[in-house]
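Chain lettering (A, B, C, D, E and F) follows the sequence in which the chains are written, and residue indices restart at 1 in each chain.
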Amino acid sequence: MVMHPPDQEHTDDQMIKVEVNLDDTPGEWLGYVMDKLFEAGANDVYYTPIYMKKNRPAVQLQLLCSKNHLEKMKEILLLETTTLGIRYYPLSVYRMERRMRTVDTKWGTITVKEGLLEGEVVKVSPEYEDCRMLAEKHQVPLKQIYETVWGLLGNAY
Amino acid sequence: MVMHPPDQEHTDDQMIKVEVNLDDTPGEWLGYVMDKLFEAGANDVYYTPIYMKKNRPAVQLQLLCSKNHLEKMKEILLLETTTLGIRYYPLSVYRMERRMRTVDTKWGTITVKEGLLEGEVVKVSPEYEDCRMLAEKHQVPLKQIYETVWGLLGNAY
Amino acid sequence: MVMHPPDQEHTDDQMIKVEVNLDDTPGEWLGYVMDKLFEAGANDVYYTPIYMKKNRPAVQLQLLCSKNHLEKMKEILLLETTTLGIRYYPLSVYRMERRMRTVDTKWGTITVKEGLLEGEVVKVSPEYEDCRMLAEKHQVPLKQIYETVWGLLGNAY
Amino acid sequence: MVMHPPDQEHTDDQMIKVEVNLDDTPGEWLGYVMDKLFEAGANDVYYTPIYMKKNRPAVQLQLLCSKNHLEKMKEILLLETTTLGIRYYPLSVYRMERRMRTVDTKWGTITVKEGLLEGEVVKVSPEYEDCRMLAEKHQVPLKQIYETVWGLLGNAY
Amino acid sequence: MVMHPPDQEHTDDQMIKVEVNLDDTPGEWLGYVMDKLFEAGANDVYYTPIYMKKNRPAVQLQLLCSKNHLEKMKEILLLETTTLGIRYYPLSVYRMERRMRTVDTKWGTITVKEGLLEGEVVKVSPEYEDCRMLAEKHQVPLKQIYETVWGLLGNAY
Amino acid sequence: MVMHPPDQEHTDDQMIKVEVNLDDTPGEWLGYVMDKLFEAGANDVYYTPIYMKKNRPAVQLQLLCSKNHLEKMKEILLLETTTLGIRYYPLSVYRMERRMRTVDTKWGTITVKEGLLEGEVVKVSPEYEDCRMLAEKHQVPLKQIYETVWGLLGNAY
């Protein structure tokens, strides 16, 4: 596997999507399973509502990971859910060039992730955890923090 | 409670909607629970995917029943699911005038439910179980049976 | 019914929620039905995925309207979908004080809806149709238009 | 309002369901909003996927609270989301008799919530947070902890 | 790439599925994005409700396109949504033989798409836009137009 | 194709995922279609709610089958639904070692499926059909049967 510096534009062909259908795992366990999979190196984990045979509302777990994390993901899924198997297939992931900067607000400093296309900033995304912490500390609506950051970044384009 | 003959247009003000959120009942049990509720007199039972706290994909059970079935529904929900409570509220149900007729196809006779508005047929609905049985008996696509019935009913309007 | 000027804070107790479960209406018709209901005066119409008996993925149509629109809604639902009945119940709608203003961008003028709580602006919302038209006319990403407006409004708080 | 001791069987007629449709609030804010609503006294908060006009995938927030929490809930929803209004209606909540007990496992003690119907235990539910903490502390699958507790409780019936 | 005449049965191995998870794009933008993707040559675009980390209700955008449209799709997704990357994988698309015919109703002519399997018509599908236009012009329920066409086509089998 | 004895741990690389988007098939037909696909050899069939163009709530059918069942699946989908095409791609399925055992309860004998990882039982799953039959025969809640089996299996770990 070739290592890409994480902030350059690149396409990663060593990624795997894993899917598991769960019709007998209580929903209560699934938040926990998600945390375990992220801790073990999953790039993304998410749930989709599905309907299975015998009138069963169920959940599909999907996760993205690099090929070399597959064994670890499989082990967690087999130990923590009720499934007896998993399925998977390779896919390609394109990631645009990105860089971090900071913005100063009256409540504190917030990191912003920028996405660049052909050298131009086309996307600015305030970091959720920074905004959340300032919202809680200063008892300000989270929405107001985001909108203030967008206001300060308004000349980015 | 005033009894309405079931096929006249009427509005029923004695109906109840019951809701239960389930984040620790395995989906596997829920098809069974649905059957039990219908057998005990529910007018309708259905599931909606919901997302609850702590990242839990979950299921909302909703059911419609007349007020005098509420106690029976409550008992089934408490015994067959993991919930510790139920919630409910009254609603009104309007039902249009309806009548049954039959249609002869080359595979056999099919019952059709007609809906009438101000004395005029505005809706014709082949009975699913009749269509399904003929489809299986004659090894014909279910879709073809429905479309044939719609063809024969095409002059209904 | 008491008429409220539409832009003052008020609570409307003359609203109705209507629900219909649809397991035999093709999805293809439902976008059309939504348009018809809005044209006839519905305040909101939306769809929820549900699972019904006999392993049927289905759709629940919900709509909000004032009491005096109920008859018209009922007629459309009975004529345009396959349902033989509808159910409904009253609810209260609280609406905050709102007012319109405009913002000038380099692409043109955009109307913004402001929401006020105790006389203070807590919400600014660019009108979608204005943004969409300018995005199409100038071949600019819609996202860029919104973010520019938020930037210009950044001092609103 | 009459106060019920929380562990006796009772029906509470002072509850309210609040609903808000959100088609312009980013999903990223909604986990935060849920936390705020629970902290402010909501009995339950959950999200349902809906489809709104103009091809918009959206989210319906629903929450349950007692009547005397309604004003606080309204304030959070208006400050933290993009909505300009909320809707609500009363409902009844039945809660079965419940009591707490503990179970000792080889990893530690776990609290179990029991539900009683006519004086008989019909439901035993290990507390999620207890199970989660022991699972993390001892690096045991969460599922194994639950199943062990169910094993120890197997004679409850 | 080999060109297939669009109406012969064939399997196309030059197709790509693209997926993007969106937890910070407002739903309001997504109807617009769908239109842009179709205009730029997507074969299909659709949304699925998903649940992501940190209790976020979110949306997965999926699209199908031929390999030679991938670059254009990528550009739209990066400019019009908040995503910093996309993922994709190849798939095969089988398309059955199809041909168009017309049917005359009392309201006007409607195009019908027929699907053929081994030379036999197994599927007849009235064109939505034709039906919609006649429904609006003549103020007839859309459902009635479809059912009339199915009636006229009833002998197709 | 290499045949694996079904109960040994193995990875199967001859599996196919098939997808079909359905916006004009009534939900009423889809439970039937699911049964037909299972009877014809599908390993799994399930539905996901999707939103398609023109404001259409729709359904995605997904199925898993071995390569040599693909033709049969295609035929059923084309004859029983309204689709004019299907899409598919290969995937790998990992299945853990499994074995069957039985457990005796006071209501009768229940088969349990065990999943093994590196020779150790990490999963025990009571067979739904056994539990359902005993629940119905003895008029006991299905939940109670499952919990009793889990109690009896509590020492499995």
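Some notes on this structure:
The rule we apply is simple: contacts are C-beta pairs under 8 Å (C-beta built on N, C-alpha and C of every residue); 3 or more make two chains touch, one makes a residue touch a chain.
Remember, predicted model here, so these are calculated numbers, not experimental data.
Listed by label, the chains that touch chain E and also chain F are A, B, C, D. Matched by residue number, over half of the contacts between the chains of B-C recur in the interface of E-F, chosen from D-E, E-F or D-F. Between the Cα centres of chain C and chain D there is a gap of 28 Å.
Chain centres here are Cα means. That of chain A falls 25 Å from that of chain D.
Between the CA-based centres of chain A and chain B the separation comes to 39 Å, rounded to the whole angstrom. Under the contact definition stated at the top, the residues of chain C that touch 2 or more other chains are 24-25, 28, 34, 47-49, 51-55, 57-58, 79, 82, 89, 122, 128, 141, 144.
Looking at the complex, you find that chain D touches chain B at residues 15, 17, 34, 38, 44-49, 64, 89-96, 98, 113, 115, 117, 122-123, 125, 128. Within the complex formed with chain E, the chain B residues making contact are 49, 51, 53-55, 57, 122, 124, 141, 144, 147-148, 150-155, 157.
Within the complex formed with chain A, the chain B residues making contact are 22-28, 30-31, 34-35, 47, 49, 52, 54-59, 82. The touching residues of chain B, counted against chain D in their complex, run 21, 24, 48-54, 58, 60, 74-75, 78-79, 82, 84-89.
Note for the complex: chain F touches chain B at residues 25, 28-29, 32-33, 49, 79-82, 128, 132, 135, 141-144, 146.
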